[in-house]
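Labels A, B, C and D are assigned to the chains in the order they are written; within every chain, residues are numbered from 1.
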Amino acid sequence: MPKKQNSTTTRRRFLVGTAATTGLAVAGGVLPTRFAIGAMAPIKIGILLPYSGTYAALGNAITDALKLRIEQAGGKLGGRDVEYVAINSEMSVPKAPTNTEKLIKKDEVDFLVGPVHSGIAAVMAKIVGKRTAPIMIVPNAGSNAVTGPLCGKNIFRTSFSNWQPAYPGGELMAKEGHKTAVTISWKYGAGIQMMGAGKEAFEKNGGKVVQEILIPFPQVEFQAHLAEIAALKPDAVFAFYSGGGATKFLQDYAAAGLKDNIPLYGPGFLTEGVTKAAGAAAEGIKTTLHYADTLDTDANRNFRSAYQAVAGRGADVFAVQGYDTGSLLLQAAAAVGGDVSASADVIKAMEQATFPDSPRGDWHMSKAHNPIQDIYLRQVVNGEQKLLGVAAKQLEDPATGCKLV
Amino acid sequence: MDLATFLIQVLNGVQYGFMLFLVASGLTLIFGVMGIINIAHGAFYMIGAYLAFWLTGVVGNLFLAIVLGIPLMVAIGYAVERLAITHLYHRDHLYQVLLTYGLILIFNEAQKLLWGTGFHGVRVPAILSGAVPLTDTLVYPHYRLFISVVCLGVAAGMYVAINRTKLGMMIRAGASNREMVEALGIDIGKVFAIVFSLGAALAGFSGMIGAPISSVYPGMGDQILIISFVVVVIGGIGSIKGAFVGAMLIGLADTFGQVLLPELSSMVVYALMAIILFWWPQGLFGRRV
Amino acid sequence: MTEPILRTDHLCKNFGAIFAVNSVSIGFAAGQVHAIIGPNGAGKTTLIDLLSGDTQPTSGGIYFKGRDVTRAPVDRVSRLGVGRSYQKTNIFPRFTCEQNCWLGAQSRLPNSMRFLRPASSYSQVRERTQRALELCRLDHRGQAIAGTLSYGEQRQLEIGMMLATGPELLLLDEPLAGMGNEEAADVIELLKELAKDHTLILIEHDMDAVFAVAEAMTVMVSGQVLASGTPEVIRNNAEVQDAYLGTGEDH
Amino acid sequence: MKMSRALAGFLCAAVLGLAVTPWLAGEFYMDLMIRIMILGIFAMSLDLLVGYTGLISFGHAAFFGLSGYILAIVTPESGPITLWYALFMCLAGSAIAAAAIGWVSVRTSGVYFIMITLAFSQMFFYYFNGSVELGSSDGIFIFFRPDVTLGGFALIDLGDEYTFYYFVLASLVGSYLFLTMVLRSPFGKVIQGVRANEARTRALGFATQRYKLVSFIIAGTLAGFAGFLEATHTGFVSPAHLGWHESGMILIIVILGGIGTLYGPVMGAFVLVFLQDKFQEISDLWLLLMGFFVIAVVLFLPHGIAGLFARLTGARPADGTEVGDKGLAPTVPAKSREGADGGGTA
């Protein structure tokens, strides 16, 4: 990973300069300087993702795919070199303000990519939203708020809103003839929002949620609640967990014998990237997500083999989100010939970006800067995500509370 | 809650308690005998789980993996004791907490370097993959029963080892009067090294045997650490019996807290701890000073 | 006979099945030096612990100047005017001698929940501290770190800390323990001087010292009082000679 | 608490340096210094407990975070709240919480005290973690910084970065002077006695539990003050602000700086934040470096930076708790034997 030893010294010299010529800078002397630097200096991409702890795999997948996409396009953005400044978010919300400020004010990045965690996303969006630069691209965190109440001109998302993959899941559950359901998830933003969307869709289509179980994040002791579900005997269970939590939930659910009696549904994260770890416990589970491994397109096949080659592991939805983040950056920089300081033009280019070569199929930005995308229906068969069809065509998040809409 | 559900929840609570006991017993042993607060205990648990995952992949069987993994854990524990912990015996708790916190950071990063950041499952050995039906919808896996039996076995084994063996005698003596043990010509340093290695092995063993139901992922040690401390403190630091009772209390309180007080479920165990320490400032079976 | 300054009434303390102190009733006359003697394990230190409030009795009562202090904690007993020193030197080894005594002196402020003025500006505390240092003959070592003093000086310091609290009654647990002859002689002198205006209760194994200073004595064996009276009475008590003084000529 | 001339000079120079920082450094460093100063106040408050009262709290972040939540709750979404009112609510809330937690906690000692403070902070953590109205684990925003207005004219507007910077600087100096005053007072002498030898202090006539409790309340309230500043600074508070990692981090800062010195922990905050910054630049494995660093501090720098500083300037300790080698020195035998029954009881 290119680090920036040299830029530190440059910056120190720059600081001294600023102190001496504060007046000049205020007078606007900075702008031409910046452009002069801009022509030769690399475009800086700040990355704030988890590289340790439970979600490290997500951070790595996103980073690897992002770099892969830019390498595929020649390793340059709008003709300029690229410099990555990556910070491990450690999934720590208290550290998020400092980390974000550091990337913005110290490293003066042009683009800010991150995060995975919705809480950190809110912190970043709040800081970035007050400014005109840099432009923030969320490659995962699904918090509805980021493209809702916290949305902003310079805040984009290439992943999903929590509402998107969950709503079709609730619909599916009702369509498959289930009348009653229990929802179960972690008690945090993503869990609450996804369960809310699933419940909304399920009840709109004639179902009834009989119990909503929220377990404190990130606890993974499910036994007591599984016994509770067994006693309630609903027609179906709608669940959202991800990563290690999902593996454990699926295993416990199967081991308790519930899997054979009460079918499990959920947003695709429930089975995404965990099928190998969960093994038989994941077999047969139907989920809805904006991606499926087995999408039968050239774009997807090419992406998967290229990613496997550089990363040494199979691609997942997180890699796809990182990859599309790369595509978005390429289009934005190309539209302005590399002069990313002209932020209004960059934003316009990003709003109009298209993704014909996206592994998940073509999608585009909504007015709130969230993907309008297909949501697929998948089922785990022999440890693979088998594509059953499209659950919702070009689904758009309601973006409640966003002033851009 | 009908009677059947109640009994099932009791079963769940007791089983969770057994698992907690396995982790907490090593912690309380190190605490009680050596006077060391080892907050890296959770890291040993994590390493155990990763060893189980890795060795199962290599040799194809969890039991064999555990047999191979335990000596490795003892070795790791021994190395840590010799290199770091040995400097802490005459230091305040504060420094013990800090140094072992440093160890957590190192172990977490080492885990990342060795095994990457993905999460993994460990297959339940075929012989134990069945289940006992409890109700028409619910079954209870054999493997969970197996863990409970193993935990009881470990508890009994520790009881015998501490009360009936020479090492146990030295451990008991070391816990109550270090000077006397030294005066008797026993190398207390050696006893400590053994105890620490055993404690690490116990934590590792918990991680290994629990791996099929906990799954294996980065940072898994942090979660179990705090709750293990709660168990140890409730029971009284250094008391194996206390750890056992504490583990049962916490297992049941947590299970029923989740069902009966879902809004406050995670606060329940900590509230229980505060209440117990209010009435028994040294824990339930702690020795008064 | 006047009402004793401190009196116990069937005082008991047991640890499990073992009675360390068993139904002890003693009256300590004001202004006297009262020695408690007895073999090791007789319950002497436990008795002192009960009197000072360091330990709470199982049953029975303790009365200081007619006031029931049976369950009073050690800090309250101290504020009522009972000072104590410990068998094993108990000082603040990292503080200077002056600071050691300072805390004792400061404890006689109505309360120490005072946050604004520097402690050093309380002149009455300063004077008290100084007087205590003089009394324990350490005024020349005020700035020395207590932990660096000689053993004998540390014992003196502990008495000084106690004196700084201005007690009427002193509980001294083996004040001469571990001292050489010369140091011991110094401390005996000190005790004699203190006896002029304090009540002293002391445990001591050095019989010469005991007979040199004590005006009353109590002999304890197995947690119980074997005999009580003047030194003369005790010396001539056959039972005591059997049980404790033995041949009596060793000393 | 006499201090050497070199030290006094150094501290004055440091404050002067902080005062001119906004004029020399850029936006980022100004921001970083604010964060460091806030952590400094937080660390000093813990030093009162750890370094002067001998109470090792592993749950000190509870007050830091709680105060932030109080600010979030009292700040309306429509506009700023009056500084004095916000401050009063945050400090009163922290003080009440500290009184409640302290009342139970000071009954225990040693490891049990460490653990019971941890338990209480975890209870706070899970309360906020589970509170959907307060944003559960994602946290909650504070949209406006408090201000003081008089007839529509903003006298103190913490929304202004420079005003806020100097407000925090004044708070740091004020906190230092406040704690210095407390430590010199009769109360301060008692708690230092408690730390050196609690049993002896009791036997001298002090109801030590009451003093420990009051010390706990003062420290908790000051931590709440730091939490107020932090929440104002970032406009955000989350359960992680009161989690055990945060409590552990602040303990590290105190020890790194040098316990029982007050100024040491502030230096500790400075060093740790900058070190973190540097380690992050050096390597992806910066946590590994941090781990080795923490261990090195424990083994080779038990008196922290302040101890090193004292050795370099040859400062003589004035009393038992002044400088490093008089502090919680490594030669103190671990007071860890409580409750050891070593089994035989299974």
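Quick notes on this one:
The rule is simple: a contact is a pair of C-beta atoms (placed from the backbone, for glycine too) under 8 Å apart; a residue touches a chain by one contact, two chains touch by 3 or more.
Note that this is a predicted model, so its numbers are computed, not measured.
Chains that touch both subunit B and subunit C: D. Across the structure, the highest number of inter-chain C-beta contacts is found for B-D. Ranking all chains by how far their C-alpha centres lie from the centre of subunit D, first place goes to C. Here the spacing of subunit C and subunit D, counted between their Cα centres, is 42 Å.
Spacing of subunit A relative to subunit C, judged by their CA centroids, is 73 angstrom. Here the spacing of subunit A and subunit D, counted between their Cα centres, is 36 Å. Within subunit D, residues 126, 129-130, 287 each touch two or more of the remaining chains.
Taken residue by residue, subunit A touches two or more other chains at 51-52, 214, 216, whereas all remaining positions touch fewer.
Pairs of chains in mutual contact: A-B, A-D, B-D, C-D. Touching subunit D in their complex are the following residues of subunit B: 29, 31-33, 35-37, 84, 87-99, 101-106, 108-110, 112-113, 155-156, 158-159, 162-163, 168, 171-172, 174-176, 226, 229-230, 233, 236-242, 244, 263-267, 270-271, 273-274, 277-278, 281-283, 285-289. Listed in rising order, the residues of subunit C touching subunit D in the complex are 52, 54, 73-76, 78-79, 84, 90-96, 99, 102-104, 106-109, 112-120, 122, 125, 145, 161, 165. Remark: subunit B residues 1-2, 4-5, 8-9, 12-13, 15-16, 108-109, 112, 116-121, 123, 131, 133, 135-141, 143-144, 212-220, 223, 254-256, 258-259, 262, 265-266 touch subunit A in the complex. For subunit A in complex with subunit D, the residues that touch the partner chain are 1, 3-5, 8, 15, 18-19, 51-52, 86-88, 90, 92-94, 97-98, 101-102, 104-106, 118-119, 122-123, 126, 143, 186-189, 192, 214, 216-217. By the touch rule above, subunit D contacts subunit B in their complex via residues 50, 56, 58, 104, 107-112, 114-116, 118-120, 122-123, 126-127, 129-130, 244, 248, 251-252, 255, 259, 285, 287-288, 290-295, 297-299, 302, 328, 330-346.
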